[in-house]
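There are two complexes below, and they share chain A, which is joined by chain B in the first and by chain C in the second.
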Partner chain A sequence: MREKLIYLFSAIAAVLLAWDLYRVFMVLPDEANQGAIYRIIYFHVPAAMTSLLGFFVAMVCSALYLITRNLRFDSVAAAVTEVGVVFAAVNLVTGSIWGRIIWGIWWTWDARLTSMLVCWLLYAGYLMLRRAIDEPTQRARLSAVLSIFAFVDVIIVWKSIEWWRTQHPGPVLSIRNGGGMAPGMESPLWWNVLAMALVATSLVLLRMRQEGIRREIDALRRYAHAL
Partner chain B sequence: MLYLRQILAIAGKDLRSELRSKETVNASLSFALVILLLFSFAFDPSAETVREISGGLLWLVFAFAGALVLNRSFAREQPNDCLDALIASPTSGAQLFLGKCLANFVLLMAVEMICVPVFGIFYNVAWTRRIGWLTVVFALGTWALTIIGTMFSALTVNLRLRELMLPILVYPMMIPALMGAIQLTTVLMTGAPPGPENQVWLRLLVGFDIIFTILGVGLVEIVLVG
Partner chain C sequence: MDTRNFTFMFYGFLAAWIIVLGYVVSIAMRESRLRKELDRVRQMIEGREK
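Entry: the complex of A and B
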């Protein structure tokens, strides 16, 4: 069942991405001020949304693990965080490329750049902590606590660095302040959000399957030892 | 009442054993001095530059030197299975945590109280003009470092890669608190009052302290016992 879901999601994501790529590169004109490079927003913003959504799901699953002590929640949290870190990296790298063209610099210590980097570091730390613990229930317990701490911290970091300094372009999507983008330009972005979310979901499902198999192997190994 | 007495008993135990051995405080203090020395090579220590970045310098010293105290706060209980005994004792995990936080807070404040005058002498900064506010900011910032540091010391106590994991986890976590403390300390060092535009940093520090104290107290039982 789950295997079929993985195939289904990745197939839909592939079709959506192909269609969107066609629209972004062949149909849409260059943006008036930025030229061709503005197209990176179609990957930059959806990657950020996907990764932040992933971290939120990870926090919820960690809390659920601590309540129910069901290891399945732990493997969801681990898988979602891993995928989230990858998408956060995509977000940072694409943003950096855009900055090089438009600002002339790869990096600036601006509010959003800094907070995304802190976020990435925190969850990279989470993944390292997971690798440092061998015993499965101890690993699940400690990393769940860390995930909750990290998410609360991410919220505070996000708010506070905005007071520190800001240079990142303001929100351009219409949900916040009514249309910063031309109408034809915005719809591919939302389709890309869906596509990336589907890619992320299939990766998470794949990782969960791996985790499940690993748990099975662990159990078999313990059983073999007992014999 | 008993709850409070038990917390104080844990804190008293930690402080007493530290006063007798002076292991971590000595290490932390000399490390702080080494960092203060290294800063003089990193930039031209003229009065103007130093005043502009004094908050950042001091809090980096506190964060790095403080970590030496904080990191060991649970690890030192491991020989002779002291940690198991503490967990088995009638104190709850939250009390153990708060007691240790209290002891660490006192130790860190002591280290800071020595570091700041030394910093003032070495870098020629007149830091005493807003000493009341400075004390408040130091107390709030130090409590933030203490809570995060002690929590992660408990989290990593049984890990084989403890020394490697702690800095990776602790410093990114402290960033908002450090930002607030740095901003306020720099302002106060110049002799200016904290002013309404810096209210937001004070609120950030207080909020950080409250949120993570609650989270720490709520989750430490899970970390220590299971």
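Entry: the complex of A and C
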């Protein structure tokens, strides 16, 4: 069942991405002020949304682990966090390249950029913490606590463009009352959000399968020690 | 400016794909390593049980 879902989600994501790339490059015109470079938004924003959504799921699963002590929730949290960190890296790198053209600089310590970098570092730290602890229940408990605390920064990232007016543009999308994009330019972005979410879900399912193998190895090792 | 603008857009898309594809490759390598480790632990247990 899991394998079928991985193939299904990947196939839908591939079709959506191909269709969206065609629209972004062949149909949409250049933006009046930014020219061609504005098209980075079609990867930059969906990658951010995918990663932040992933960190939210990780926070929920971490809380559920602390309540139920079921290691499956820990596996989901670990898988979703890892995939979230990858998409957060896509967001940071594409934003930096975009900033180089629009602002003339690769990086600035603006509220949104800094909070997103801190977010990436926190969740990268979560993954390093997991590698450093061998005992599964201790690893799950400590990483769940870190995941819940780290989520505070996700809220700061989301609200930073409203709370502080620094270099990064304010809300642009219509769901945040931004109104900064023409409707024809906004819809491909939402389709790309869906496509990236499907890619991320496939990757999470793959990682969960690996976490299952890892749990089996841990159990067999404990059994081997008992022999 | 326009050429540079277009070039950097290309770099942006390329960087995004490289990061995602690099991660997919790392997942595939990890899967193969985990399966080998699982086989090794199973063989070790079979050896001890005999």
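We take it that the second predicted complex is superposed on the first by the 214 of 227 C-alpha atoms of A that agree within 3 Å, B and C clash if a C-alpha of one lies under 4 Å from a C-alpha of the other, contacts with A are read in each partner's own complex, and residues count from 1 in each chain.
The definition used in the following text is that contacts are C-beta pairs under 8 Å (C-beta built on N, C-alpha and C of every residue); 3 or more make two chains touch, one makes a residue touch a chain.
In this text, all values refer to a predicted model and were calculated from it rather than measured experimentally.
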{"item": "Touching partner for A:Thr94 - first (chain B), second (chain C), both, neither", "value": "second"}
{"item": "Contacts of A:Arg39 with chain B and chain C, given as first, second, both or neither", "value": "second"}
{"item": "First, second, both or neither for A:Leu146, with chain B first and chain C second", "value": "first"}
{"item": "Partner chain(s) touched by A:Leu203 [first = chain B, second = chain C, both, neither]", "value": "second"}
{"item": "First (chain B), second (chain C), both or neither touched by A:Val86", "value": "second"}
{"item": "Contacts of A:Ala132 with chain B and chain C, given as first, second, both or neither", "value": "first"}
{"item": "Chain B versus chain C as contact partner of A:Trp163, first or second or both or neither", "value": "first"}
{"item": "Touching partner for A:Leu17 - first (chain B), second (chain C), both, neither", "value": "neither"}
{"item": "Chain B versus chain C as contact partner of A:Ile213, first or second or both or neither", "value": "second"}
{"item": "Chain C-contacting residues of chain A that also contact chain B", "value": "none"}
{"item": "Residues of chain A defined as touching chain C within the complex", "value": "34-37, 39-40, 43-44, 47, 83, 86, 89-90, 93-94, 97-98, 100-101, 199, 203, 206-207, 209-210, 213-214, 216-217, 220-221, 223-224, 227"}
{"item": "Interfacial residue positions of chain C with respect to chain A in the complex", "value": "1-2, 4-6, 8-9, 11-13, 15-16, 19-20, 23-24, 27, 30-31, 34-35, 37-38, 41-42, 44-45, 48-49"}
{"item": "In the complex with chain A, residue positions of chain B that touch it", "value": "151, 155-156, 158-161, 164-165, 168-169, 172-173, 175-176, 179-180, 183, 200-201, 204, 207-208, 211-212, 215, 219, 222-223, 226"}
{"item": "Chain A - residues contacting chain B, complex", "value": "66, 118, 121-122, 124-125, 128-129, 132-133, 137-138, 141-142, 144-146, 148-150, 152-153, 156-157, 160-161, 163-164"}
